[in-house]
Amino acid sequence: MIVVMQPEASEAQIQSVIDHLVNLGFDIHRSTGVERTVLGCVGATANIDVRDVEVLEGVAEAHRISSPYKLAGRSFRPEGTIIKAGPLTIGGDEIPIIAGPCSIESREQLFAVAEQVAAAGARGLRGGAFKPRSSPYSFQGMGEEGLKLLREACDHYEMAAVSEVMSETQIPLMLQYVDILQVGARNMQNFNLLRELGKIRKPILLKRGIAATIEELLLSAEYIMAGGNYEVILCERGIRTFETYTRNTLDLSAIPVVHKLSHLPIIADPSHGTGRRDKVPPMARAAVAAGGDGVIMEVHCNPEKALSDGAQSLYPQQFTKLMEELRLIATAVNKRVAPARAFAAQQR
Amino acid sequence: MIVVMQPEASEAQIQSVIDHLVNLGFDIHRSTGVERTVLGCVGATANIDVRDVEVLEGVAEAHRISSPYKLAGRSFRPEGTIIKAGPLTIGGDEIPIIAGPCSIESREQLFAVAEQVAAAGARGLRGGAFKPRSSPYSFQGMGEEGLKLLREACDHYEMAAVSEVMSETQIPLMLQYVDILQVGARNMQNFNLLRELGKIRKPILLKRGIAATIEELLLSAEYIMAGGNYEVILCERGIRTFETYTRNTLDLSAIPVVHKLSHLPIIADPSHGTGRRDKVPPMARAAVAAGGDGVIMEVHCNPEKALSDGAQSLYPQQFTKLMEELRLIATAVNKRVAPARAFAAQQR
Amino acid sequence: MIVVMQPEASEAQIQSVIDHLVNLGFDIHRSTGVERTVLGCVGATANIDVRDVEVLEGVAEAHRISSPYKLAGRSFRPEGTIIKAGPLTIGGDEIPIIAGPCSIESREQLFAVAEQVAAAGARGLRGGAFKPRSSPYSFQGMGEEGLKLLREACDHYEMAAVSEVMSETQIPLMLQYVDILQVGARNMQNFNLLRELGKIRKPILLKRGIAATIEELLLSAEYIMAGGNYEVILCERGIRTFETYTRNTLDLSAIPVVHKLSHLPIIADPSHGTGRRDKVPPMARAAVAAGGDGVIMEVHCNPEKALSDGAQSLYPQQFTKLMEELRLIATAVNKRVAPARAFAAQQR
Amino acid sequence: MIVVMQPEASEAQIQSVIDHLVNLGFDIHRSTGVERTVLGCVGATANIDVRDVEVLEGVAEAHRISSPYKLAGRSFRPEGTIIKAGPLTIGGDEIPIIAGPCSIESREQLFAVAEQVAAAGARGLRGGAFKPRSSPYSFQGMGEEGLKLLREACDHYEMAAVSEVMSETQIPLMLQYVDILQVGARNMQNFNLLRELGKIRKPILLKRGIAATIEELLLSAEYIMAGGNYEVILCERGIRTFETYTRNTLDLSAIPVVHKLSHLPIIADPSHGTGRRDKVPPMARAAVAAGGDGVIMEVHCNPEKALSDGAQSLYPQQFTKLMEELRLIATAVNKRVAPARAFAAQQR
């Protein structure tokens, strides 16, 4: 930590601050400049709230200089992290695409879309089983029944199963059926949930909160990793800004920023990031071009009848065309997207 | 809902949209203008996602015109809602002040600050018992032991007990000890928690999320009220903006806005809203001047040693002085703040 | 400036950064910690772009530690700045209220409102003469004719004349008629304009841009002061956030923040800050309660017919009532608002 | 415009609102629902401030339904606009890349970088001649001398000359030397400047303000077009959000949004959008993948010595490599980027 004193700070104030910092366990290096005094504090600062130092008499500013995350930091694993979940590998040369409906609504609905996205080359199948909604009268999800269907569809079409865990009490249930446990944007700082997810050994897909900085996203990853679960996939899904034309503002610059700061893979969710079907293909292409390690998207065979998020769900044919574009773009960044698969084409 | 067609929409597109809306149960009023056609849709729109209509062919825009909240809306109870919780009344002529430490740390700590704030005129005592922190190594709260101390202090000093409930599983425990259950900003859209809080019959203090609009805050209140619990106190505690000098930007204009839109009382939390002790008194005064129905603040007898949020906790003497200022300001808005109490003055 | 090296930075990289900084004229203090090396750089950093250092090989972060403004900083004049403009004094014990129409529309319109606000105790009269509007067909302002009317009304009712200067070419004209030259939010970083305003010797009312941080506001004040004009009044008038119910979010915490960082007075503009008439009185009261050095508001005798900004203009009787409330609130912060004046009461 | 009355609005209030609207020249269609009354207002609403209607007694909300821009709207020219400027065409199948230094510093500097970017396939050369800076002591630009150099370099290397116009007084000078006049983000709502640019017949590159919505960007384009100059190129260059790791948040979703709303071409500026050199290539690739009609970037042969914006300027070899990637990506969206040119390769 660096503590910058006010130009008018008295010697007594400076000594008092130094004493305070020594009590906290720091070694202090004092630099006296023409204009002001600066204190360099060496020691463990991860748990220090710099505001506690800034409110001391005579202090102008305090800056933390060691990054507050260690395990999530790039220097912990400079070569990058590769995570495997069923038939899906992320962080390597292949960019996995994860697709599927917002909610699992029925066997017919799920298998229909699963076949289409599998045929188009998707490596993961997404689908929500628990849907606590803003209206208490809306569809609340199929629960465990939905998870069973997801598992079955993934086994049949050889995809990884991805579904959102809403609270720590659901973890044991989730572990039976899914390959990747998704943490939604609203739960990014639900520390009880993060702590429990640190104890399991399955990959976590951690979505950025709509008001969370990239540093806070990495701190939440650190929270999971501190428990011993190092398989965290980050996900940019849009932040809230003054622009209201789109549901959120998809911050694709988070991709190169995370690649610099962390070894963890980062994917993008253009469905939630834009909220409108016609904006999803352009932003999915942009995510791959920006170096994203994957893309997750909502696809529905009949979006007009979807029980949730129909407006942002792609039609299967849109998804298939988009996959072809993504394959071309991936080559420009020395990566690849899995090819279309023949089995489904035959069945159709 | 009002649906505005694109200028170039064909008659077939217009008919198709009308058919779709009729299927959803709307009565349609069609207005054909020189430039474009507008469809007025009468019927229950609360559960309609306007985006589902906006993605139809030929549609330019769709607007919901009935407000999505009913129970929380001003017209449900035009005279305003008054809520009683122990010795505290909110929404009437008296503006209750709620004060206390961020976390309950010990009997000594809690009773020391309780006596001071009670003497100064506070009607409620706040204190956190569960503190899931960003670092897994930080103090995590005293749990039920803390709640017992809070109850005891409130009984002794005649104040209402206010504490945060972190998940639905804690509700039964909370009900034994506290008078007002606080929902933190991160849980404002935790719908499982809100649903359960709708079933109880104690007042809820609902904090605005840092990325939540005022409408979303009212929707969360509606969620609780839909369960039958009409005693919801709203709380402005700062939103996240590009300004980083303060921890958040306290949006005091939410006070007159809520007073226009809703019958529910709204208070302000300048401690979390600014994050710095020296900014708390000015913003507490401003909250009362803006017409706020109450103020909640952090006070600690020894903020330098506080286990959490010390930087934003007032010293007791600051709080006492502030209370005198608030009494003066309250008169300007035809309200009052409770007087200082003699008992504690004697004890000191 | 403090330069923090990456943990893995090589000795060669560190030496290269030191050489670079020495070339820029800094004295370097090197601290070698267990985890990383920190370089303290002493010297004139005001013109350094810290990003230029952050992109050097091996550098993790760079922080500027001397504040980039000197003349505007609190330590330049710890006792605070008091500015006089005609019958108005700002920064002292009296809180001046400035009121008047958005645009000067006619002699009748201006004198009618001037009499009312003067009678209610306003010390300054505002009115725009140049109104470049978003529509080229809208009213563009009365120009010099309007300024003459403003001067005449101010002389007659003993108020200071406040009007906006849109470009450096208008300065000579403005100097003939107004007491305080206002810089609008859109021009806060129009450096050509600021430079010319630094050369004159009349007070400047500098409005914060809707996307400007408090530091950037102070930097713009510094720009004017660097030219020799030290009489700068800052004005908070709302920032753009995700909340759209209000036109902008009035950031009243800017008042205590500016009082800590700077010696310059700061006022609030709740008319532009909220955009709605009914939100103006609560936020004006809040501004005084927060310690603001003044308030500027739009008042119009017939807002429904106003040529601009009618929706946010107070009726005179609202303004008169508000002034009484502000007088009460001012006492709570040991200040005062000028009393109502009899002359106009007689005339009416 | 659609006016929604409050549920409790009286018949007298409704009539009064109708009378007011009829006076403004609207035809009114009244719909009386079970819950509330809605008024459809047909007529010219472009110049109406909906807030003026919203503050009327009994009104709950008012929505403008015809878009406030006409000339910039998609329906004005559904096939899209193609603009030619010297050897550069924008809006068609080729995606022009514009590159060059932030400021023109000298003949050597400009020609060195011009040759490199021309060889790599750039169609336009950018360079600032006027640089009003936040510090009055910083480099202020070469002025007309710089523009002459820019013209000369563009003639020699067959590129279009792009430079920023800071005020209406500079337009005649600019017209002598440049092919595309750039309007900077701070001037996006400088209506005096926009009005004068509407009178000329050269393409305008209009940058989005950091706090401007996409609708406001289109309104500024409309302002220019209303004067008769239809050749407006829009530019996304980052908006200000709570995320501070990047200088701004580049909102690439503006590209598909503008393509839906308007016929005007839109390009991206990843240099200003991210503020850091290493973030520029990923975001430039993303801009092309998202369907952008062009990219503008800062390139400097010696960024460490650049007089401005060195931290965000690419090295020429980075730019050359990036151009190859952009060529691959362009094919995925059925566009192309101009090939590398041999002449410069020979000269080097």
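Each chain gets a letter, A, B, C and D, in the order it is written, and its residues are counted from 1.
Here is the rule we use: contacts are C-beta pairs under 8 Å (C-beta built on N, C-alpha and C of every residue); 3 or more make two chains touch, one makes a residue touch a chain.
No experiment lies behind these values; they were computed from the predicted model shown.
Any chain that touches chain B and also touches chain C is listed here: A, D. Taking C-D and A-C together, the pair of chains sharing more C-beta contacts is C-D.
Of all chains, the one whose mean C-alpha position sits at the greatest distance from that of chain B is D.
Note: centroid distance chain A to chain C, computed from Cα atoms, is 40 Å. For the pair chain A and chain D, the distance between mean C-alpha positions equals 31 Å.
If each chain is reduced to the centroid of its CA atoms, chain C and chain D end up 28 Å from each other.
Multi-chain contact residues of chain A (touching two or more other chains): 211, 240-242, 244, 278. For chain C in complex with chain A, the residues that touch the partner chain are 2, 4, 6-8, 29, 31, 33-36, 38, 40, 42, 60-61, 63, 65-67, 75, 78, 240-242, 244.
The residues of chain A lying in touch with chain D in their complex are 211, 213-215, 239, 241-246, 249-257, 260, 273-274, 278-279, 282-283, 285-291, 325-326, 328-329, 331-333.
Contacts from chain A toward chain B in the complex involve residues 20, 46-47, 49, 51-52, 54-55, 132-138, 166-167, 169, 186, 189-192, 195, 209-211, 219, 223, 226-227, 240, 247, 275-278, 303-304, 310-312.
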